[in-house]
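Structure incoming, see below.
As written, the chain order gives the labels A, B, C, D, E and F, with residue 1 at the start of each chain.
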Amino acid sequence: MPTIRVEMFEGRTPEQKRELVKALTEACEKTLGSPPESVDVLLFDIPKSQWSTAGVLWSERQ
Amino acid sequence: MPTIRVEMFEGRTPEQKRELVKALTEACEKTLGSPPESVDVLLFDIPKSQWSTAGVLWSERQ
Amino acid sequence: MPTIRVEMFEGRTPEQKRELVKALTEACEKTLGSPPESVDVLLFDIPKSQWSTAGVLWSERQ
Amino acid sequence: MPTIRVEMFEGRTPEQKRELVKALTEACEKTLGSPPESVDVLLFDIPKSQWSTAGVLWSERQ
Amino acid sequence: MPTIRVEMFEGRTPEQKRELVKALTEACEKTLGSPPESVDVLLFDIPKSQWSTAGVLWSERQ
Amino acid sequence: MPTIRVEMFEGRTPEQKRELVKALTEACEKTLGSPPESVDVLLFDIPKSQWSTAGVLWSERQ
């Protein structure tokens, strides 16, 4: 607690993910005072063919 | 806003997904008055081996 | 299956919600061929004080 | 209803998953009185490279 | 890990919830071998006016 | 995209929430290069009576 879920387009590098979870955890420490070991982050890579905005899948936009 | 998540069995065709996200977005426009560009839809394809009803995985039913 | 989750700002009327779940269910019937009794919809009313875009809560925008 | 979602590290065997969904469903029957056919369980296998605690991905711990 | 989310109709007693989280946690211990302190359970009470099946909210069924 | 969900114990102040969503959004900008207007954050306040660890609700711990 807190538990953070991130849904984002697939394609981030391992290095970006490593930095992302570190930065999100630090954000909780600084603003909520959460002990870092209480912060879980789960990343979900969503293909563009599974996410739409305005009724159009991102895989079908140019 | 709104953000819609759909969990369904895997196996739908790209054409079905394209039509689904379009129809779900239109449903929000018509009933809530949402501008279409404010509607996000995320699709999650769930294998039958990961979903159970009544304690039995769908991959193990006949 | 499918199961649909909708997160939207709080404040919709019961009539809008009734129409929304009907329209979302029909969207699944028409595009996926889902039997209506297999379609569950869950609505989550999110206060503007709990949703941010671009780092600003919607309760603090004018 | 109820609908249960389980997020766990990937790597469980099909046998473990079969037993898990059975046991979770029975837990709802015994404690809530839920008819088993009303209980859905969805399993999500999360790679260790997608889950962090204390700001460190589990794939990077030794 | 694992993290379990339960969506169910509102109205369960505190005693039922206490027994439910205990039973779900034991299910993970027995079938996955999870140490109990690694199992988190989150309960979400859903009003019948926010959940539909077959396009009809449960608050409107008789 | 990305969309972030945070589940945390209820009781944070409006000021803490304002700072939290700002910090989480900046974390995405810095590590993923996300334009801030593409980052949505949803906060879920969970009562201690709805969250358990090791099979015991947090409302029942001393």
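Simple rule for what comes next: a residue touches a chain if its C-beta (ideal position, glycine included) is under 8 Å from a C-beta of that chain, and two chains touch if they have at least 3 such contacts.
The structure presented is a predicted model; accordingly, all values stated were derived computationally and were not measured.
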item: Result of counting contacting C-beta pairs for B-D and D-E, higher pair; value: D-E
item: Selected from A-F, A-B or D-E, interface repeating C-F by over half of its contact pairs; value: A-B
item: Relative to chain D, chain with the most remote C-alpha centre; value: C
item: Chain whose mean Cα position lies farthest from chain B; value: F
item: Separation of mean Cα positions, chain F and chain E [Å, integer]; value: 21
item: Interchain centroid distance [CA atoms averaged], chain A/chain E, Å; value: 25
item: For chain C, residues contacting two or more additional chains; value: 3, 7, 22, 24, 26, 40, 46, 51
item: List of chain B residues in touch with chain C within their complex; value: 1-9, 12, 16, 19-20, 22-24, 26-28, 30-32, 46, 51
item: Interface residues, chain A side, partner chain D - complex; value: 14, 17-18, 21-22, 24-26, 36-37, 39-45
item: Chain E contact footprint on chain F (complex, rising order); value: 7, 46, 49-57, 60
